[in-house]
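Dropping the structure in here first, questions after.
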Amino acid sequence: MSESVLQLYQQTRDQSVSFCAPLEREDYSLQAEAFVSPPKWHLAHTTWFFETFLLKIFDRNYVTPNDCYEVLFNSYYNGIGEQFPRPKRGLLSRPTVAQVLDYRLHVDRAMAALLADKSHPERDAIAARTILGVEHERQHQELFFTDIKYSLAINPMAPTYIDVPNIDDTQTAPPAWQHYAGGLQEMGFSGSNFCFDNELPRHKSYVAAFELCDRLVTNAEYQQFIDDGGYQRPELWLADGWATVQTEAWRAPLYWLSDDENATEYTLHGPRPRHAATPVTHVSGYEADAYARWANARLPTEFEWELAAADAAAADAAAADAAAADAAAADAAAADGKEAFSGNSGGVDTGYYHPRPAATGTGLKQLYGDCWQWTQSAYGPYPGYKPSPGAIGEYNGKFMSNQWVLRGGSCVSKAQQVRPSYRNFFYPQDRWQFSGIRLARDPG
Amino acid sequence: MSESVLQLYQQTRDQSVSFCAPLEREDYSLQAEAFVSPPKWHLAHTTWFFETFLLKIFDRNYVTPNDCYEVLFNSYYNGIGEQFPRPKRGLLSRPTVAQVLDYRLHVDRAMAALLADKSHPERDAIAARTILGVEHERQHQELFFTDIKYSLAINPMAPTYIDVPNIDDTQTAPPAWQHYAGGLQEMGFSGSNFCFDNELPRHKSYVAAFELCDRLVTNAEYQQFIDDGGYQRPELWLADGWATVQTEAWRAPLYWLSDDENATEYTLHGPRPRHAATPVTHVSGYEADAYARWANARLPTEFEWELAAADAAAADAAAADAAAADAAAADAAAADGKEAFSGNSGGVDTGYYHPRPAATGTGLKQLYGDCWQWTQSAYGPYPGYKPSPGAIGEYNGKFMSNQWVLRGGSCVSKAQQVRPSYRNFFYPQDRWQFSGIRLARDPG
Amino acid sequence: MSESVLQLYQQTRDQSVSFCAPLEREDYSLQAEAFVSPPKWHLAHTTWFFETFLLKIFDRNYVTPNDCYEVLFNSYYNGIGEQFPRPKRGLLSRPTVAQVLDYRLHVDRAMAALLADKSHPERDAIAARTILGVEHERQHQELFFTDIKYSLAINPMAPTYIDVPNIDDTQTAPPAWQHYAGGLQEMGFSGSNFCFDNELPRHKSYVAAFELCDRLVTNAEYQQFIDDGGYQRPELWLADGWATVQTEAWRAPLYWLSDDENATEYTLHGPRPRHAATPVTHVSGYEADAYARWANARLPTEFEWELAAADAAAADAAAADAAAADAAAADAAAADGKEAFSGNSGGVDTGYYHPRPAATGTGLKQLYGDCWQWTQSAYGPYPGYKPSPGAIGEYNGKFMSNQWVLRGGSCVSKAQQVRPSYRNFFYPQDRWQFSGIRLARDPG
Amino acid sequence: MSESVLQLYQQTRDQSVSFCAPLEREDYSLQAEAFVSPPKWHLAHTTWFFETFLLKIFDRNYVTPNDCYEVLFNSYYNGIGEQFPRPKRGLLSRPTVAQVLDYRLHVDRAMAALLADKSHPERDAIAARTILGVEHERQHQELFFTDIKYSLAINPMAPTYIDVPNIDDTQTAPPAWQHYAGGLQEMGFSGSNFCFDNELPRHKSYVAAFELCDRLVTNAEYQQFIDDGGYQRPELWLADGWATVQTEAWRAPLYWLSDDENATEYTLHGPRPRHAATPVTHVSGYEADAYARWANARLPTEFEWELAAADAAAADAAAADAAAADAAAADAAAADGKEAFSGNSGGVDTGYYHPRPAATGTGLKQLYGDCWQWTQSAYGPYPGYKPSPGAIGEYNGKFMSNQWVLRGGSCVSKAQQVRPSYRNFFYPQDRWQFSGIRLARDPG
């Protein structure tokens, strides 16, 4: 197994660096707000993760290239020790980009040796922990995209991360409602592949019958909400959301360029027209909730979403048994030890870093590859949840307050990274992720 | 029915004024922080509620004594219009106390006439809305106590709201765990009496087996947590909680007097010894959660709490059938159209405004009359929840984000005000309510 | 001498209480911003001043009624000890108004005995310190007016401190320039009466020839500045002033009511028409400076102002020698041991607490009784300045940075309180004093 | 004359770039606080200055390389238009360093052509404005050093700007007092060379006799102030200074490393021992004032300082007439059209970017080349001061409030840049300049 783990490790590590390739060296330190991190910091922190949770534990000969890194690149693991203040990550001109790349090389060599050591008594733990590190780095790859987008966007020169051809303003079908019967159901991850601790334990939950919209809310639909005074009508908003609208003077999604006759939005490919059929994205949970109320609908619970996604996956699996799986997907699945999920034609590997209009046809669309989907569920522990012991237990558990669960995946998620039980979580005021809206409602 | 509604109305209105009797006139304007309101404002706002949601709607001849009051005493009803800024309520020296009491009299007379009008075509709606206003005023009576406590406490002269004899430092029994089998259960209010809209609809929910501690955590137990470095150990805390501990420099519950050789705490009866057996109170949700983690336990979900409380109520009802109910309770129940619940020997009518040690004996103790009990449940809508139409719908629904549910009741709650399905809610950082800790755990 | 000191003491003390007579008891605690103090606090602090700097030093039998008062009513004397936080003075509901009046009585009795003790070895020091305390209390009487105006003004009910007949909108003459030759001059207080330490030592200063406007800038003139885009043109403003305009969104003087078709301003006599000829008041130093630049003039230096005022006083003295002094002024002068100054027909004893249009006639007008006049001089020590030893030395000296000197006096100053050498000082952004504009310019 | 202006221009422009040579490219964007600017921004803004105030005015064929630069690199000239927000200058990853260097080249070529155009009708104005631009760039060179020092210092890796040999901890002589008779004096710049508008007009001022310390306060002397409780004794401080000490938790000068057994301070040459004889530097005006009070002295006024410095310059000139001037200084003077001043053996051209102990011998020492010296004078206009018309008039005049004057020059000032009448100004709380303390006192 370790050969494929090593391969997975190296592919993931290489991809982090290659995602940075379009940047100028000056961009590597950008941190426009405390909640985003500079590209250089992501490159270093993901390295720190392998150093801290693998090499320093399992490789007794390992020597760090610089003792300062333990503090500088610790994100939030109090069990490891002090952390350099998050809002000042952009002020770390040293180590330089070159030094951080050296750091990566140093750790990669040590990791390769560790993974190649077939006689290591902790071989299984090493493999499992390495896979956790890979999933961690994938999460930071996604943050790399959303963070650099935020940091570049504040520059009046409107820099482009990378230029790509524009996508057709394809028509999209009108939304359709999918019906689900609910009942007493099993929730949470099952199976032998990787999952995060917050997807466990699998447990029973009662879900009443519900309906889910088959595609995401579009720019055109969201524009109607705005035109109908959506941002001026308190009765549509949660109290904390309304307060945020006032404080932040929100009048549109994050990257919609204001005073904009031509209806453009800032994207990683530069300012682009806001296509009517494209899913609205970079909305907060509060905006998603207000839109839903305006549309006489509501946000789904995370359990409703998971039920529907599991349903779709089961249907896909049945179909796949009857047909040859796509070769590329099979390869990726082989490397990863797992499979990509239904409706995931988008994602970061397409090289188009913006959501796209829904395909036509029946069934749930846009589950994973376009926008994360806000749910109404507060992020909390499943019944019987136990975080891992030690500092690694800080990964997920300590964030279980004040945040909302998002489900699905986005145009900068990796296809192999997502699944029906995956729980993403952000504060309801956060807008810099590729977050969108899927509506739910009670049966009529 | 309206006679008893009128009686209930008048009793409640009178009690608000009599709760203020021990104050100096200077105290009526006190607002030590934005989150508390001055006594005078509570007296006026509860009056505004009846004026706005009853008299202005159902009494076409009603004339307000001052047009300014509509804005000054609107708390948060955007549907009614603008509101005077909450943090500045303490700066409203005018209207004076005398003018506010006149305002109360003016509204009370109009309400008495309205309730006496047997031919009013909206008679049932008026009665129902009046009961809502009464419950609303009871909530503000409770806030009156917690707010004036907060505002008096910042005065170095340590003023006493009212002096009472000290309570015996009775021993309390060691905590015992009550076991509950859980299963697919019905949750939410049922019955014909009053409940708030957030207790509805009654719905199915699956609850795994759990155990609940039979009494609240005591001062002595919480002191052990402190002595064990509870406020210095990040691994015990949620991330947002730990950040708050740092920002606010928390080292003990809100009113524990620091540098305190004699272990006193500020109470509405002045500084008093912190009795070992008294429930710890004025802790935030974060502190409750950290304490529970330290104690190898957890906070209950609101569903676990409700299940256990409903169980206790059913047992009481069975016992009551077999015996004559206490005369005073019966009277109150008659006036109120509902009954007081098990374990509620405390509460505001005792005149002792501080939690007391648990009684001995078996069964769940301290459910209602001592401290509200933090749950781990984020405050959200029940499946199928619909707020009331119009501005009155802002009462509960718009607060369903970022807050945590507390269950039970406190030493300043009215016995007739609480029930198993009652959902109180505050931000997890809030400490000025009489909030305490009841532990839960998974069966071993 | 002590009889007249005692008389002066008692008159001053009585006047502080009688100035509060129009208030409701609820008004005594008002503190709308940190920079104002509640009436009750002024009453207590001035009492504390006599207690701290006289009774505790010179009366060995003196016992304070409450040890808490030492901290509660200490304004800023670090040499005495800790101070209750200034922004929270409005939260001290206790001591009550009645208790503060008792405190005043307690101190007044002890002071009367001390002043009557003809055998006290420190009799002269006691008299001198008592006069300082009287002048201190007069300053707080003036602050009482400006503070309560600020605190009442934020109430949407627009309470009136006291009602008086409106004043005629008299015409005022066009401004005329007075010419002064300057030269090497003596500055600072001279004579045997009271002055503050910051008016000393008298010293030489060279002043170039200058011209001073004979009256203050009027509302009508200031309106022209506004109409000419004064608040939108950065070139008229000091950099810190322009930043303040943006941050505070200033568009007019402090109490000009906005959205105001009828051109009213809030006064201590309630909202009143803004008369064209009335001096503009409640402008910051930044606004005064910007106005002057717009008018092709400048603010005077404090030395120019003093020179001109001394000139006017000398002319008055000469005239007075030739004529019988006004009887009332003579009485006041007798009580005070000093005389009132030229141009001071206004001031607090008129009972009209707002500036009035300039009289016609030649010579400098409106020197003292209408608005304090911003100078361009930063408040600093005179050459050779030495503050008094001990805590009393904190009275003036420690504020000699970042503030600007204002000269003259206002409609709420006492005639006996002002003189050519008197230096008032506030931050250039302060607007809640009765501060106005007198222009200066270099000879053409 | 224009040949020498061109030469001066080119030398200055080259020096700005060469000062950046020791940096990593990542350092060019560093902005650790809003009050410092990134090196790249200094390089661009000084270029913008020539573009805006020369090329766009005097060269009708000039084309800017990028229209965005007008806003991005405008510092504070409202007369030119909008400015990119100062606190976000560090977030401008674009234009890159390479692009900014191209911008410099672009402007330098156009400037060379403009200065070479002997037939230009505005040839004199161009030369004068170019010299202003050169002096402006020299000020930014100095800010470059103090800003990058501040920004590098926050990095736990303690990066060194450039390494140099340590300087001997030479002994310094005890301080001696120089006596000055004062009198009615002329102040302000006189002569035909360049000066800033704020040094004019030359005017009369009366200065009483005073004494000035012949050298700056040393680290060892300042340590005594600290050891004597200087930072804990409010009686030593101005009120605003004491408030700042509390808010900022100051306990030592800015770069003294705390918890420091070895008594080191952060310098542009890395952490170094705090030599006893080295002048204390990076103290605020408040600290300088408090130290002076502790030492039974005071800060000089700016007029006292200028008088003494003019005196020293006159003595030097007399000596120079009698001897051959130093060749290197003569060269610099030739290039600059002006001469270097007495006591200025330090300064940026020595390549040692830290103050050095005073030389022994008689007379005023350390006037220019070590630390700027706080005066007690608030920065204001001289009598008759007129700023230049147009946007260039914003250079100095609009800052004449709330700042204090510093006189002299520092270890990162250029020798040709300073003179007796030069007025530097910063807020009294500012500490990131090389600011030190020279004491004054009144004759005994």
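Just so it is clear, A, B, C and D label the chains in written order, and each chain counts residues from 1 on its own.
One rule holds in what follows: a contact is a pair of C-beta atoms (placed from the backbone, for glycine too) under 8 Å apart; a residue touches a chain by one contact, two chains touch by 3 or more.
Just so it is clear, the model here is predicted, and its values are computed rather than measured.
Least step count on the touch graph, chain B to chain D: 2. Put simply, the C-alpha centre of chain A and that of chain C have 62 angstrom between them. Separation between the centroids of chain A and chain D, computed from CA atoms only, is 49 Å. Rounded to a whole number, the gap between the C-alpha centres of chain A and chain B is 39 angstrom. For chain B, no residue reaches two or more other chains under the stated contact definition.
The complete set of chain-chain contacts reads A-B, A-D, B-C, C-D. If you check the complex, the residues on chain C that touch chain B are 24-32, 66, 68, 71-72, 84, 88, 90-97, 151-152, 154-157, 159.
On the chain C side of its complex with chain D, the touching residues are 76, 78-79, 184, 203-206, 208, 234-235, 237-242, 285-286, 289, 376-378, 380-381, 383-384, 393-394, 398-402, 404, 428, 442.
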